[in-house]
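Structures for review follow.
In what follows, chain A forms one complex with chain B and a second complex with chain C.
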Partner chain A sequence: MEAVVTDHPQGEFRRRAADRAMHWILRIIASLTVVLLIGIFVFLLKSGLRTFSEVPILNFLFGTRWNPSSFHEPLWGILPLVTGTLFVSAGALLIAVPFGLSIAIYLSYIASRRTREILKPVIEMIAGIPSVVLGLIGLLYLAPLIAKTFGLSNGLNALNASILVAIATLPTIASLCEDALSGLSHRLSESSWALGATRWTTIRKVLVPAAAPGIGAAIMLGLGRAIGETMVVLMVAGNSLAFPRSFLEPVRPMTATIAIEIREVVVGDLHWNSLFAVGLVLFLITFAINSVTDLYLHRTIRS
Partner chain B sequence: MTAPIISVRSLDVHYGSVTALHDVSFDIAPNEITGLIGASGSGKSTFLRSLNRMLDHLPTVRMGGTITIGGENILHEKTDVVRLRRRVGMVFQNPTPFPKSVFDNVAYGLEIQGIRNPRKSFLSLTRLRIQHQELEASDDPIDQAVVRSLKEAALWEEVKHRLHHSAYRLSGGQQQRLCIARAIAIRPDILLLDEPCSSLDPLSTRCIEQLLLGLKKDYTILIVTHNLQQARRIADHVGFFHTGELVEFGTAKEIFGGPGKTLTREYVEGAFG
Partner chain C sequence: MKRPPASVTERIAFSLFRLSAIAGTAILILVMVLLFLAGKDALSWQFLTAPWQHGDITKGGIFPAIVGSMYLGLGVIFISFPLGIGTAVFLTEYSGDTRWRRTIQLAIRNLAGVPSVVYGLFGLAIFVHLLTFGMSLAAAVLTLSVMTLPWIITASVEALLAVPRAFRESSQALGATRWQTVSRIIIPSALPGCITGGIIGLARALGETAPIILVGATFYLTRLPTSPFDKYMALPYHTFILATQHSSPSAPAYAAGSALVLITLTFVLSIGAILLRLQFRKKRVW
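Showing the complex of A and B:
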C-alpha cells in the first residue's frame, strides 16, 4: 500500500531549516550563561583590581580595620567583614544542617506517603519567603528575645542573623538531603535489616553515609546561599565594624557592607573600587566552595 | 532424616487481598541445600522472606500458620526479629554491598551488635594500613571474623591486598561473594539466598555454587532459583512452588528424575515458566 502522507521535497527542506535554526538559537542562549559568568567576573575584576594600585593587597585582605571614609587615615582591611560573613554563615549551617538532615531523614524514611506529600512542598515554600520578611521577623521578634535571653542592650547580632539565615537555607539543605536519601536503593536498607540492624542503625550507619556525597553537596549549596545572603544580615546583623569576637556581638558581613556603602560613594573613586574588590573576594569564596564540592563529588563517585 | 531445623506448618501469606502463599507445610533438614523453584509469582521468594520476617517491612502483609526454627515459632508477634535475623542470614538477588570498604562491609554485622571495629575508616578518607598477614594473626574478634568470612566465601585471596578499597570496585561476582561473607560473618545457622546468581555470568555463578556446596557443612542453605540446572547441580532437596502453593517437595533426584505430579514434571521439563 502507498504511504498516505507523501513527503513534499519543499516541506522537508523547510523542516530541516527550522530544525537547524532552533538548534542554533538554543545553542546561543545556552552559551549566554557562560558569557554572563565571564562578564560578571570581568566587571568585578575591572573595578576591583584598581583598588590594589592604591591599597596593598595584603593590607586589604588581612587588615583588621575597615574605615574607608576616615578623613585622616582611611583603613581598608576587610578581615572584620570576612569574619562577620564567616560567623553568620557558619552559625547558620550549625543550625540548618542538623535540622535539615533530620527533616530529610523523617521525610524519606519515617513519614507516611501522605505526610511527605504535604510536608515537602511546605518546606520548599520557605524558600519563597522574601528575605526582607525574614529580616522583619528578626527585628520585631527575634531581636527582643535574644536581648532578653542574654541580657544585651539589643539583639541585633551574629546570632540573630545566623538563625534567620539558617531559616533561609533550610529548604535548600532539607530538600537536597531528602533527594540524596530517597534516591538510595531500597536494597541497601533490606541488606542492613537482614543482618539484624534496626531501622535507626540502618539510617545512621548505612543510609546517611551512602548519601554523604549528596548531603555534602546540599551543605555546600546552603553555605553558598548563606554567604551571599544580604537583606537579612543588613537588617539584623547589627552593622558594627568592630572585629567580632562572639556570636553575641554585632557584625557586618561583606554583603551588607557593599549594600550599605555603595550608596554613599563617588562612582569610580577608590572607595567605589574597593567595594568591588570586596565583591570579588565574595565571588572567589563561593567559587572556591563550589569547586571543592565538585571535586569531592567526583572523587567519591569515582571510588 | 535428622531432626528438621525449620518446620513450616500451614503457612499463609497475604498481601492486602492477594494470597501469595497458601497452606505451605514442610520440613527442612540441617546442613543441606534446599532449592526452591517455580515460575515468577509462584511465591518462592515470599516464602524465603517469611523465614527472616523480611515481609514485616511491607505495610499490608498478613501471615498465618507457624514457622518453627530451633523450637520457636518465629511468626509469633513477640519474636525478637533482630535476634532472628542474626540466626537467619540473607543474600539478595543483586549484589548489595554497602558504600564502605571491603573490610567494613564484612565487619558491619558485628559492628551493629556493639563490637568495636578496630579498622573503621573515617568518612572513607582514612585508609586501612595493615598487612594481610598481620590481620590474619590478629586476635581482635572483628579481624578474625572478617578474615574467616572472606576465606569461607572464597574471596580472601582476591581481596586481601585491597581490603580498604570501596566494595563498589569489586566485580559483580566478587560483590555477591562479599555479600555472602557479610552474611556469614555473624555466624547464622541458616542462610537464605534469593536468586543470588541471576545477575552474574556463568563463571561467577559456578564459583558461587562451589562456595555454597562448601558452606553447607556449617550452614543450612535455602536458595531460590530460576535456574533449574542450578537446583539440579547443588540442591539436596527441592521444593516446587506454583501459584502460591507448594506443589511438591522431595529430594533433587525425585523432583528431577521422575516427579510424582504432572505440574512438576511439566515445569522441570520446561513446558512453562
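Showing the complex of A and C:
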C-alpha cells in the first residue's frame, strides 16, 4: 500500500494524517459504550451500597415489608417488590410465550410468502406502541372488564399488568422465535416429510426442537423486557405494598416503586440510596439474564 | 408435493396458529380503535395548537407537550446518530476480530437490556445532579440518547455489514486510505439503512415515559422552552399525569387525546422509515 504514487506529497501527508486521526476518534466513540455500561453500574453501586451501612443487606433482600416513609419504623425489605415483579413477568410470559410461538410458527411455516410480508411488520408495529399507551388502555378498558369478570372493586392488579406486559413483550418473542424457526435448513423439514411425517408432526418433533436454542433466547430476552417494563405496572398493577398472594391482588413491582418514590425523596438520603439499590438489583437481574443468554447462544452455535 | 392428509389434531393446531396471528393483528387495531373512541372528543384544532391551561383543561391544548417532544427527538438525533454510526463504523471497518471489539459488542447487548427506569436513575444521578443540569431539556435529551444509542448502533452495524466487500477492496485497490473508503464509499452506501434504523429508534425514544418521569418533565409551563436548560413538557409524560393524577372529569379523554397524538407521531415515523427502506431497496444497484 505504501507504493502509491502521488503528485502532491503534501496532500498525501494530509490524507494519511486524517486517516490516522479518524481511526482514533472512532475508537474513542466506540469505547463510550463500554464506559456507559460501567458508568451506569458504578453509579448504581455508589449510591446503592450506601444503603447497606444503615440497613443490613439481608434485611433489604429478604425483608417482607417495604415501608421506607414510615416515621416510627421504616422498613426496607424488597421481597414484596421482587415478588410483584415475578408475578407480573411470569404472568406475562405465560401468555406471551405460547401466543408468540404460535405466531412465529404460523409466519414461518403456514402463511404464504405474501401474508408473511404483510403480517411480520404488523406484529413488529406492536413494539412501537408506547407503554404509556398500553397503560392507558389498561386503565380505561381492561380494569373495568377485569373488575366485572371477577367481581372486584377495581381491576388494577397483577393480572391486568400481566396481560399488558404480555402485549409489550409479544413482538420481541414472536419476532425472535420466527428468526430461529426460519433460520433452519429446508433439508430438515424435507427429510421429515420424506419419512412420511405430516406437517404437524414435523413442526412438533423436528422443527421446534431444532430451533429450541433460539426460542429459549427469545423467551429470556422477553423476560428481561417484562422485568424492566415500568409504565404499564406503574399505571395498572394496583400499586399496593402488601405482600402479593394471587394474580387478582394489587402489586407494586420494583420498577414502579422507583418511579413512584424517587421524586418524593431527599437527594442523597437513605430512601434515595435505597431506590438506587433497588435499581442495582434490577440492573444485576437483567445483566445476568442477558449474559446467560449470550453465553448459551455462543455455546450452542459453536457446537 | 403430496403429503399425508391432515389429521384432526393437525387441523386444530393449525387453526390455533392462524388464530394467534389474527389475534396479534387484532391487538394492534384494537388499541388504535379503543384509543380513538376514548380520545376523539378531546381532539380539535385548539387541542393541538393552544397552550396548556391548568385550571380548566378543556380550555387549553397540548401544544407545549408536542413542541417538547419534538425538541427531545431532535436532541436525541443530534447526539445518538453520530455516536451510534461512529461506533458501528469502528466495529465493522476498523476493529477486526479483536477482544476489544467483542467487549464493545457485549456492552452494547447489555446496554440494550438495561431497563428504562435504570437509565432514568443514571440520568438523574449524572445529568441532573452531578452535572447540575437540573430537570431540564438537556438532562432528558442526554438520558434518552444514552438509552437509544445501542438501538442505533445495532441498526447501523447491520446496514454497514450489508455493503459488499468488493466496495472496500476496490476502493483500497485504487489507493484510497481507510478513512477515504469509509467516508466516501461505505457510509454513503449504508446511510439509508442507518437512517431507517435510527428513525425507528427515535420513535421508540419519543414514547418512553419512565426515564422522563425520573429526570423530570413538567406538567405545566407558562412559556415554551428557549434554551436546553429550560423546563419542558413532553407527550408521554403529559398522558401519564392526565391518566393517573388529574381530577378533572374530562382528564381521561384528554389523556387518550394526548396518547393518540403520541402514537400517531411514533407510527408515522416508523411507517415512514419502513417505506423509506423499501424505496432505497428498489433503487439499490447491488
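By definition in this document, the second predicted complex is superposed on the first by the 285 of 303 C-alpha atoms of A that agree within 3 Å, B and C clash if a C-alpha of one lies under 4 Å from a C-alpha of the other, contacts with A are read in each partner's own complex, and residues count from 1 in each chain.
As a convention for this text, contacts are C-beta pairs under 8 Å (C-beta built on N, C-alpha and C of every residue); 3 or more make two chains touch, one makes a residue touch a chain.
Worth saying up front: this structure is predicted, and the values here are computed from it rather than measured.
In the superposition on chain A, A:S102 makes contact with chain C only, while chain B stays out of contact range. Once chain A of one complex is fitted onto chain A of the other, the partner contacts of A:G224 are limited to chain C, with no touch recorded for chain B. Look at A:L145: by the touch rule set out above, it reaches neither chain B nor chain C.
In the superposition on chain A, A:P121 makes contact with chain C only, while chain B stays out of contact range.
Of the two partner chains placed around the shared chain by superposition, chain B and chain C are both touched by A:T198. Within the superposed three-chain model, A:L49 lies out of touch with both chain B and chain C [touch as defined at top].
By the touch criterion defined above, A:I167 lies against chain C but remains apart from chain B after alignment on the C-alpha atoms of chain A.
Partner contacting the larger number of chain A residues, of chain B and chain C: C. With both structures placed on the common chain, the touch criterion links A:S185 to chain B but leaves chain C unconnected. Residues 193, 196-198 of chain A touch chain B in one complex and chain C in the other.
Put simply, chain B touches chain A in their complex at residues 52, 54, 57, 82-83, 85-86, 89-90, 92, 94, 96, 98-100, 108-109, 111-113, 123-124, 165-166, 168-169, 179, 182-183, 186. Chain contact summary for the complex, chain C toward chain A: residues 1, 3-4, 6-7, 9-10, 13-14, 16-21, 23-25, 27-28, 31, 34-35, 38, 83, 86-87, 89-91, 94-95, 103-104, 106-111, 113-122, 124-126, 129, 146, 149-150, 153, 172, 175, 177-180, 182-183, 200, 203-204, 206-210, 213-214, 216, 236, 239-240, 243-244, 252, 255-256, 259, 262-263, 266-267, 270, 274.
Chain contact summary for the complex, chain A toward chain C: residues 1, 4, 15-16, 18-19, 22-23, 25-27, 29-34, 36-37, 39-40, 43-44, 47, 99, 102-103, 105-107, 110-111, 119, 121-123, 125-137, 139-141, 167, 170, 174, 193, 196-200, 203, 221, 224, 227-231, 234-235, 255, 258-259, 262-263, 267, 275-276, 279, 282-283, 286-287, 289-291, 294. Across the interface of their complex, chain B is touched by residues 185, 187-188, 190-198, 201, 205-206, 209-210, 212, 300, 303 of chain A.
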